[in-house]
């Protein structure tokens, strides 16, 4: 087991929550279903300019929410709760701030004061388009030549790939541990999430897409004989 | 006995429950965080509005539909798109956050592609915008890699058993966009008219383009 | 992934919920912390006499609760909810019964009527001691000789062992899939839960206790070099 | 295309959410089920009371303590207990439900045993009664197989790194009882006095017997 977020292949989940009219899927959901969804989204994106966490670190904080919370929370509850944990870890907010703001919230007394000293790295409205447009590319040069080539058969390791941190972030799903597949794409060097999530630098590695037969992943009898699952995997996840 | 052999760092879990100090009700929780961050000067309220406006009005699945329609009418563009999607999509200026590294996968009579992110909810924002609720649900994340045919049936998509389903689990920063098959009987349509047939779900692989009326 | 109950080794769970006074563990919890715990326990045990499900089937119904419920429910909420699902599956209760009793419950109108026709298999108070004392032994004769012997090195299979039912019950935890261990005990033949949970008979197999080094299960670096985990595994789980 | 190749049965999940028709509040839910079952004649209220009384007053960890104390004072009994625990415990009449197949594992200066059930909460009822809340918690179930030393530290048990910890994950109907080491300085105590030193946790492996005052 890894963490509760690692749910690929899990049994017990019901029908996909789709809006249907007369049995037909209707795709007319607003971008943000509620105002607080929109706010949770925007304050998370904006805070990253000051907090300077990597995308891997923010994912790690979401998946590290206590399992009972992770199972119960909707998507933006996960985002906003992980955001606060990130801000506390970064020292930008402290627990007293949380206790005080909660007191005010419960008194219906949430007031925005005049801020005179915005953080120097705060994201300005005029910079939103350029910041989003730039994004955060994860491609990095890797000098070592790739260990695997397209077409080659590989096997994933059968334990957590994170070498440095017990319980640390990784992107090898448990359903694909110890499984045989074939390299179908080579994306050259990319930041290794297992390091980046823990402020341990980029540690780039060659990244591949590996195709697994459904029968290999779910056992001889469970899978359709043709279907496959393609997963992006870093070199150190493979043998 | 000393514990010196045990040198590896153990991730400290104590930062993963600070959120429990906040109000439990999600709307109030978010309002409290927002107020706190504004007062601390960590975020700026114009920026918050600008970000919401951007994804509500500027970046969404109509971008992806333009990419698809262009590929349907322009074989050269389609070639570039399948060879280097990031560059080809940049020609239409749909770049940046959560679309830094794009791969376009083509549906054919033999292969049907469908995209999921089992570990979180990775999704190509510059071409598809913010993912819908179902894409972020436990149900879609858990079931799609294991029983894609059943999942697609719930979307109304019955695939021939001879068609191979390829599920793409977005575990890295590579972002996948499905290039659906051009519907039959659309030879006479313009690029603009074709674009209007391209649904969001057809670019995730959970639907097909609409057919002309 | 299997189901949400298969949580051995999961990261993210906090301290063990222990009662401590001055830092010392105090073990004075009552057998049942509330009346409804006691009731949930007793009605579940009593109903089995009429429902005639195997222990494996009752476990399967608990672990098959929707993941969000399983994560949220306390132990006896799992028991009582799974009990109702078992009774409906057995046809002893129907959904209308549930809707009606819920209506009465919400009207604070739960009344026990005079029952004139108790089920023929109902467990009587006078038979409690003998029924509990008899229990339900799972040992069964297996004519085939055991494939493995004590001291032998074995490996677990790396997919769900349930051959007949997709998503079916099994007792090979995911944390021990595809792992190397050593047989330390042989318990002879026992009912196979993978079959018994689905009313498919006893299908007994040889049962072994297999000892795995902690380093084998959690990766080279994660484990203490000496510690081990011993798991009871049926013959078809092993290669 | 027919789906004939796909012969295996797929477990139908539709019976796993009928409980959601009942009141959500657990106390009321249980009361509703109890009333329904009594009215249907599926259970009998005297039986319910008898079951509760049995586990509140008759079957509990004092049974296990008697087994342990007997093994401490009677080398022949200890031998029988380690060779065939089910039979040796039957000598004291602690038989039946959830203790049909017993194994006793002995703590020594070299090996410390601890019992868990990661998949549910299996536990040897005839000798230990109903498991305490912590034994049934997600925290104990998830962590004990991976980091037993840290878990035992939370119980106040600091083990020498030279001591091997053996964790027994109760995945079958075999039930494990830990035979703790007899505390030093108890040579003069009677079997009855020794019995009073045997704690519940010492028979699970999450504690040690008390030492004489």
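Letters A, B, C and D name the chains as they come in the text, with residue numbers starting at 1 for each one.
The rule is short, and it goes like this: a residue touches a chain if its C-beta (ideal position, glycine included) is under 8 Å from a C-beta of that chain, and two chains touch if they have at least 3 such contacts.
Since the model is a prediction, treat every value here as computed from it, not as a measurement.
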Centroid comparison with subunit B (C-alpha atoms), farthest chain: D
Contact-richer chain pair [C-D vs B-C]: C-D
Distance between chain centroids, defined by C-alpha means - subunit C, subunit D (Å): 13
Distance between chain centroids, defined by C-alpha means - subunit A, subunit D (Å): 39
Rounded Å distance, subunit A centre to subunit C centre (Cα mean): 33
Sequence positions of subunit D contacting 2 or more other chains: 8, 13, 16-17, 138, 142, 161-162
Multi-chain contact residues (two or more partners), subunit C: 1, 6-14, 63-68, 71, 163, 166-167, 175, 217-218, 221-222, 224
Footprint of subunit A on subunit D - complex, ascending: 5-6, 8, 13, 16-17, 138, 142
Residues of subunit A touching subunit C in the complex: 1-4, 6-14, 63-68, 70-72, 158-160, 163, 166-167, 174-175, 177-179, 217-222
Subunit A contact footprint on subunit B (complex, rising order): 8-11, 13, 15-23, 26-52, 54-56, 59-60, 95-101, 103, 116, 118-121, 129-130, 132-134, 136-143, 145-146, 148-149, 151, 154-156, 161-174, 199-201, 207
Of subunit A, residues touching subunit B in the complex: 5-18, 23-25, 27, 29-36, 38-43, 45-47, 50-51, 55, 59, 61-66, 69, 71, 73-77, 80-85, 87-89, 92-93, 95, 97-99, 101-102, 104-106, 110-113, 115, 117-119, 122-125, 128-129, 131-139, 163-168, 171-173, 175, 185, 187, 190-191, 193, 198, 207, 209, 211, 217-218, 222, 224, 226-234
For the subunit A and subunit D complex, residues of the former touching the latter: 1, 11-12, 14, 67-68, 221-222, 224-225
